[in-house]
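Please find the structures below.
Next come two complexes built around chain A: one with chain B, the other with chain C.
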Partner chain A sequence: MHLHDLLNIFQGLTSLFSSSWPILLGRIGLMLLGMLLVYLGKKGVLEPLLMIPMGLGMSAVNAGVLFLDPVTAAAATDGQVGLSAATHGTLMMAPLVQKTDNLMYMLQVDFLQPIYTFAFSNGLIACFVFMGIGVLLDVGFVLARPFLSMFLALSAELGTVATFPIAVAMGLNYREAASIAMVGGADGPMVLFTSLTLAKDLFVPITVVAYLYLGLTYGGYPYLIRYLVPKKLIGLKMPAKPIVRVTSDEKLTFAVVACTVLCLLFPSAAPLFLSLFVGVAVREAGLSYFVAFIDGPVLYGATLFLGLLLGVLCEASIILNPKVLILLILGIIALLLSAIGGICGGYMAYYFSGRKINPVIGIAGVSCVPSTAKVAQKEVSKVTPDAVILPEALGANISGVITTAILTGIYVTIVPLLTP
Partner chain B sequence: MKNVWANFRFWLFGVSTAVVGVFIARGVAPQLTGNARWVGVLGGQLLALAGLFVICLGVRQRLRRPQLSEIRDGE
Partner chain C sequence: MKTAIFSALVMFSIAALISFAVAGLMRVLFIIIRRLNPPRSP
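Now for the complex of A and B:
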């Protein structure tokens, strides 16, 4: 037996060392990053529901590279490589396939290809997650405090709006700029939907950057609150208000009207609006079986496969793009600006209300439901344990989801008109 | 639906405003040219969103009237 035969048995290693240097380093780096994500997910630093499947997928896809036979290689690369070329690939997914014949072939070869083709690349998985979010939302918080909720939500969209021109100035085209600017909305499904619609070539790095950073909001925003808001104001107790009851008929009617109006305004984002409001409608109509189905299998199933597919998409040859560094910088700028905008909105609300409203609520306008609202309440409770800001924070949080969906609609509708 | 009917003016005004906004943004503005088109699109969108806001204000108004907030679903 020769060394050559041994290397053929362990093709993962052989393909690793037969790669070019950048790909070799990229694969090793991404395997290690995947392991780190699993560790941080387990520790609770990052969102475990997403990071554990994503990290494992990232490690596995970069480890499990083999030499594809010529027919599979041609199908996986859509015939862009000569049939005789020894092409590296995996048996997990071929995201670049476009031609129908090749796609049909790959559906029978790669085990995650059916989920990618029928649920991911058409945005269905983002819509499933959004349905789950809809079921968790109580729009009553917005209806009870419309001024405060919407004002804070609009303030917290600073990153989503301001990052667009910054991204254009940094060399991205309008479509890519709009997609990365959506990270400021801190809503994963919306970033996925926008990037799939506007910048399909960059949707993998944009979505990965978005989800990595969204995981960090839970750990990073508390420091930002402590840095931007003095302790005296963090602990500000708001005047107690009587418990208000917005009835389910009002919430259901609002969901129907809002969904219809928003779909009429932004048909390109209609799948997102429908998914969100169908969740709200099911909840408010009291359809407990549907609520249990969407809240359980749909939401958690979609989250599992979203994480897994995002991880598997992080193959070195796909993710190593010169624009990734720019995306990393822009992603953090977007989230930072949104948080600063939200807190500035909180300060304005504090002054306009005669110093009654706790400015920390502003950060809940960033629509990472319900993380930012929980972060705001947690920080306030640390200073004044009996101060309750959660109802107001949730109102801003839910408004944030709706305003981010509206901004998605605006970007998805207007940006293609601006692009030559 | 008693709470919606009890506050019907706000709901009607909000929905009407939103529909007019949609009509301006999607029906009238595409017929215009140049800057007028953009003004029409943005104005219509803002008007439609303002309509939704009016509905929220209506609900808030209802909550501030204690006798109406006593009405419950199915009563």
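Now for the complex of A and C:
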């Protein structure tokens, strides 16, 4: 037995030490980061439903790199047999394949390739998650106070709008800038949809950055509330208003009309609108079997595979892009600006309402359903235990999903027109 | 850069217009449905 044969047995180690220094360090760093994500998910610091499969996928894909045979290496990179530069690869997924013949070949080799090709790269998984969000939404909170909810949600889109020119100033093109700016909307499926539509080359780092940061909003936003709003106003009790009872017929009618109108205005984002409102419609029509199906297998199945695919996409050779650092900075700017915008909107609502509305509900306009509404209520309850702002906060929260979907539609429709 | 700022403002204005139109639509639908089909008192 030669040394060469021995090295072939442990190809993960051999491929690691035969890589260039940046890739070697990147692979080790990403393996450790994957483990950290699993730990933080288990501890509840980050969203466990997404972070545990993502972290495990990230560690596994960076550990499981082997030497591909020339035919597979050529197919995985759309190169020519014998001329392909790549020799390293995995048996999990080849996201860069474009040619149909190579794709058919890779579908028989990589175990996650079918899910990636038929459900991820066309945005189906994002739409499944959105359908699940639709089933969880009670639009009655928005219908009770539509203008206040929409105003707060629009204020909380400051990050989505302001990050676009900042990203252009930092050297990204319009399509990439629009994709990273969507992080300000704090809605994972919409970031995925926008980046898949506008910036396919950068969708992996953008989506990973988005999901990592969205997990942090739950931990970071309470500090922002305490810093930006004085304690006296955090504990402000809002006057009790008569409860507006919205029937399921009214909610269903709104879902049908809003879906049709928004699809008419933005056909590019029609899959997202349809997915969201089909969830709302199924819930309000009382189709309990469909609700159980979408709320259970569809939502959780999509979340599991979304996490797993995002983790597997974090292979060092794919994710180590010079633009990642810029994306990390822009992602945090977008979320920070959105929260500040939301609180400013809350202050405006407070003054215009004759100091009756608690400004903290503004942060719930950031559409991380229902995390930001829960964060707002939790902070208010800490100061005044019997103050209830949750109905208004949920209204702003759900409106945030609608305004982010509208901005997604505008970005995917208008930004390609700006690009030469 | 100027184009990016201008485009961002235009896109936000369109988003604001449509969002408030959706809010208006909600209000109108709500009123119409209440008139056509008043909710039964409990």
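One rule holds in what follows: the second predicted complex is superposed on the first by the 409 of 420 C-alpha atoms of A that agree within 3 Å, B and C clash if a C-alpha of one lies under 4 Å from a C-alpha of the other, contacts with A are read in each partner's own complex, and residues count from 1 in each chain.
We take it that a residue touches a chain if its C-beta (ideal position, glycine included) is under 8 Å from a C-beta of that chain, and two chains touch if they have at least 3 such contacts.
Computed from a predicted model, the values in this text were never measured in an experiment.
Peer 1: Examine A:Pro230 and indicate which partner it touches, taking first as chain B and second as chain C; both and neither are also allowed.
Peer 2: Neither partner.
Peer 1: In the superposed arrangement, which partner chain does A:Arg245 touch: chain B (first), chain C (second), both, or neither?
Peer 2: both
Peer 1: Looking at chain A, does chain B or chain C touch a larger number of its residues?
Peer 2: Of chain B and chain C, the partner in contact with more residues of chain A is C.
Peer 1: Output check: A:Tyr174 vs chain B and chain C. Expected answer is one of first, second, both, neither. What do you get?
Peer 2: A:Tyr174: touches chain C, not chain B.
Peer 1: Touch check for A:Pro297: first (chain B), second (chain C), both, or neither?
Peer 2: Touch partners of A:Pro297: none, neither chain B nor chain C.
Peer 1: So in the superposed three-chain picture, is A:Met150 touching just chain B, just chain C, both, or none of them (first/second/both/neither)?
Peer 2: In the superposed model, A:Met150 contacts both chain B and chain C.
Peer 1: On the A-aligned overlay, A:Val257 touches which partner chain: chain B = first, chain C = second, or both, or neither?
Peer 2: In the superposed model, A:Val257 contacts both chain B and chain C.
Peer 1: May I ask you to decide whether A:Val142 touches chain B, chain C, both, or neither, giving the answer as first, second, both or neither?
Peer 2: Both: A:Val142 reaches chain B and chain C.
Peer 1: Give one of first, second, both or neither to describe whether A:Tyr411 is in contact with chain B, with chain C, with both, or with none.
Peer 2: second
Peer 1: Touching chain B and also chain C: which chain A residues?
Peer 2: 142-143, 146, 150, 245-247, 249-250, 253-254, 257-258, 261, 265, 406, 410.
Peer 1: Taking the touch rule as given, give the residues of chain A at its contact with chain C in the complex, in rising order.
Peer 2: It is residues 142-143, 146-147, 149-150, 153-154, 157, 161-162, 164-165, 168-169, 174, 177, 245-247, 249-250, 253-254, 257-258, 261-262, 265, 399, 402-403, 406-407, 410-411, 414-415, 418 of chain A that touch chain C.
Peer 1: If we count contacts the way the header does, which residues on chain A are in touch with chain B in the complex?
Peer 2: Listed in rising order, the residues of chain A that touch chain B are 142-146, 150, 244-250, 253-254, 257-258, 261, 264-265, 406, 410.
Peer 1: Would you pull the chain B residues touching chain A in the complex into a rising list?
Peer 2: My answer: residues 1-4, 11, 14-15, 18-19, 21-22, 25-26, 44-45, 48-49, 51-53, 55-57, 59-60, 62-63, 69, 71-73.
Peer 1: Which residues of chain C touch chain A once you look at their complex with the stated criterion?
Peer 2: 1, 3-5, 7-12, 14-16, 18-20, 22-27, 29-30, 33-34, 37, 39
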